[in-house]
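Please go over the structures that come below.
Next come two complexes built around subunit A: one with subunit B, the other with subunit C.
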Partner chain A sequence: MILQPVFSESWALIFGLFGLSGFILGWVAQRGNYCFVNAMTSIFTTRSFERFGALLILFGLTALGTGLLVAFGLIPPVDQYFNNYFAGWYILVGSFIFGFGAALAGGCNLSMLYRASSGYVQNWIELFGMMIGTYIFAVAIWPFQSYTMENGILSTSAGGYVEYLPYVLFHSVSNMAVYITTMIVALPLLFLGIYLQMRTRSKWGKSVSMKGPGLSAVGMKALPGLPGPSAPSIPSGLRLKQEAKDMLLLKKPYGTNLSTVILALDMIFVFIVGAGYTFNYLVITSSDGGRFFEYILMPLGINLFTNTPWFNSSLPIVDPSTLMVVMLCIGAFSASFLSGDFKIRIPKDRKRLAIGFVGGMLVGIGVRMALGCNVGLMWTNFGQLGYDGYIFLGGMLAGVYLAVKVQEKL
Partner chain B sequence: MMSSEPLKIKEPDDQLDVIGESCPVPEMMASKKLKKMKAGQVLEVITDHQPAVDVTLPSLCKNMGYPYVVLKDGDVYRFRILKVG
Partner chain C sequence: MEEMEKSKSKAKPYPVRRVIGPLVLSLFAIAWYQFSKIYLTGADNIALSKANFLVYVPPDQLQGYLEATTWICYVVVYVGLMMFWVSLVKYVQSKEAGS
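Take a look at the complex of A and B:
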């Protein structure tokens, strides 16, 4: 099926808006220190669900926004399910490898890119490892994987509406089917996310009352921009104004939930802008990361797209998603530079660089097996009202858990 | 009320240098170190990763119920955590 553009903007405007969206993604993720892996490691290291709760809220808000746009007839359902991938064993295995590698290396695909742009050499190494991992996947795994996909071995043999939850649940893509499914998907995610955050904060409150007020950030008041004890003499309205001003002036990072809301709106913005152009939703940080390896080799006369599996069937060299990734990096660099946070940082423990490379290779293999990363597949798929995101979430959590246990032994 | 002075003055019992590292590494490594330490001991995490100082290490301390103090030392932070029983 060929999609018809919902809105008749020019291609130049489409590219521009995708670029803007990428810039916002990089800027907000950098200012909010948004990391999917970190949200998961903190569950296993400290039993803290605050940031994981934020992730669930992100998925819920995204599903709610896109689902309602379709349910109320503003965007046709085909735009929502068109890019749903085939589900299969490879998403579970790939997301597990990805979670394990990302937790070892120190960043998911989103945080790898914005931190690499903020001067973290560890994440440059991870990015390079990911390129090599993509090549290993392409020559060693993809031929076998594509065979299982074509023959339906532990895999569905079609994506699209077959994996669209309104169709799966109601055998319909009517507005009402989409509306009910949106509620079924979004509301539990939102409630669970809020519940987990409240539970964690209540635990923090109990700890403070049990251990005494010395628990609060003692001595932090001397440091600008740090969350020190609240001053009871300042009215809350005034304090909020001051916080907002500090955030605008880049003196203070964005809070987790503020970042969550902006990122969800950014994804919904991409959905609207891209409706009808077939590439909507695909915030492809992993494919482009892997494809940069292809670009690097081109000046040496090596053209992977002519003779190497996966590369010869992957997406065009330059498309709006590539621009989005580039603008993500520019947005992150701008935010870190303007806030004074940019600095070339090399880990003192050189062993960490080797771990970063190995972790990056696993990230490259994992994301390609899973047909996408935590952004392009997991987060996106919640907005697509598919079920691949749930599979990815389970696999990634298991991989991160294993990496935390392995790190404890290293 | 527990004062911050002992944490500022007391010589740390163990140090964790995670300069150049980003999240989740400081939190994970600090959690690992703290598990091996005894109650009453102080761990000093040296980091230049602002989000670790703003978010992840305080979150770790709040979850474990450990008091902490942050000292700025040039380009780096010394994040001291007191392990309590």
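Take a look at the complex of A and C:
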């Protein structure tokens, strides 16, 4: 098969646009306080599905956007399945370890980066732990894991279109097969996400109204995702305008669903930009743990890619995700600085730093085992119309649940 | 009224971190560019000499990366210096109002 780029762009432009996408990702995630782990933790602690519902909407919108682009023939299907990974035991185990570690450390791969850029020292420690975890994985786990992958032990060994859902369901990658699969994947995710959000909001509404009119205003204000009490004299159009102005002037954080829509558009943007060049290698943030560890050692004359397993076979020295991660940090820093949030924050309880480091190590081991993180494997895979994202979601939820239970005991 | 405003600015001086932050950002951008130019290009040559084509980046891609990094570096440095200048002015104003 001869692969033809969809658009004729220079590599400089592709790298630049991936950098821009990273900047948007960092900015929006910081302004929306977007965290996959917090979304899952809140299910088990406060029984709130508000943010988890937003995650499902994010996956659904991404699948819908990329799927329709392919179904209508604007982007060839090869761009969705070209880099599809092999599914196997390691995704389930890795996502479980990742969920557990990230919930302990206090942030998923995305929130770790934007919080570290906003001055949270615990997330710096988590990032360092992640680098060490990646090294431990590379020398201790990767040789065994790659053996099971090569020999198909509890692992598929095809990847590519064989693990592309339209092919799995219809044995075809035709536009119609992609269209139907897109609907099968995206619509349930969207409806479930919206339903979960509505259920949570109605529950909040009930609990607030039970408090009585005197307390309702205070209760409403304290709940995230709900509009605060409004004076009846202000027309809703004017209030909306004021809210939009406050968000633009960085006086107010972005709402969960606004962030969700922008992030989904960002992923679709990368899908279009990378068509024919990077294929479905879309929004990747976990390579920082491995690659940046390698980068730190380079000035010391140590090149891990020359003699260390995984480092010598899994990551090119640079790719568009390098600039994406760097620009994500710059975007998050800019957003936090301009909004006045930026501050070096050292946790008063120093035990949190040690927990952050251990959690970060588990995150490093988990993401490398699973072949990606919550962004690069789970979210991206929904855009690839694969099934690894579902496996990752299940494993991560189980890991986060265990971490919540462990933290209750601590 | 004026006294109230004065006491307010005395209570809340403009934080130094907001002055240093953009400067650190600009320096980071320059350091990243220099690092890419020196170490990543060097590492790519080592990968080629060892014939490790799994990590080797073809010249057109590496050149594209360096070009994009250069432009990003320019933008970040200029924006960082502008932010630094604005913050510095605000810092000096808050100091003057405080004294």
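Keep this in mind: the second predicted complex is superposed on the first by the 391 of 410 C-alpha atoms of A that agree within 3 Å, B and C clash if a C-alpha of one lies under 4 Å from a C-alpha of the other, contacts with A are read in each partner's own complex, and residues count from 1 in each chain.
Here is the rule we use: a residue touches a chain if its C-beta (ideal position, glycine included) is under 8 Å from a C-beta of that chain, and two chains touch if they have at least 3 such contacts.
Being a predicted model, the structure only gives us computed values, none of them experimental.
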{"item": "Fit or clash between subunit C and subunit B when superposed on subunit A", "value": "fit"}
{"item": "Partner chain in contact with A:343 - subunit B first, subunit C second, else both or neither", "value": "both"}
{"item": "First (subunit B), second (subunit C), both or neither touched by A:103", "value": "first"}
{"item": "A:122 touches, of subunit B and subunit C: first, second, both or neither?", "value": "first"}
{"item": "Spatial angle subunit C-subunit A-subunit B, Cα centroids [nearest 10 degrees]", "value": "90"}
{"item": "Partner chain in contact with A:141 - subunit B first, subunit C second, else both or neither", "value": "neither"}
{"item": "Which partner, subunit B or subunit C, touches more subunit A residues", "value": "B"}
{"item": "Subunit B versus subunit C as contact partner of A:38, first or second or both or neither", "value": "first"}
{"item": "First (subunit B), second (subunit C), both or neither touched by A:178", "value": "neither"}
{"item": "Subunit B versus subunit C as contact partner of A:377, first or second or both or neither", "value": "neither"}
{"item": "Touching partner for A:270 - first (subunit B), second (subunit C), both, neither", "value": "neither"}
{"item": "Distance in angstrom between the closest Cα atoms of subunit C and subunit B, superposition on A", "value": "9"}
{"item": "Set intersection of subunit A contacts, subunit C complex versus subunit B complex", "value": "343"}
{"item": "Residues of subunit C touching subunit A in the complex", "value": "17-18, 21-22, 25, 29, 32, 35-36, 39-40, 42-44, 46-47, 50, 52, 54-57, 60-65, 67-69, 71-72, 76, 79, 83"}
{"item": "Interface residues, subunit A side, partner subunit C - complex", "value": "10-16, 19, 295, 298-299, 303, 305-306, 311-319, 322-323, 326-327, 330, 333-334, 337-338, 340, 342-344"}
{"item": "Sites on subunit B touched by subunit A in the complex", "value": "1-4, 7-8, 17-25, 27-29, 31-32, 35, 48-51, 53-56, 58-72, 75, 84"}
{"item": "Residues on subunit A engaged by subunit B in the complex (per definition of touch)", "value": "33, 35, 37-38, 41-42, 45-48, 50-51, 103, 106-107, 111, 115, 120-123, 200, 203-204, 207-208, 210-215, 217-220, 222-223, 225-227, 253, 256, 341, 343, 345-349, 352, 404, 407-408"}
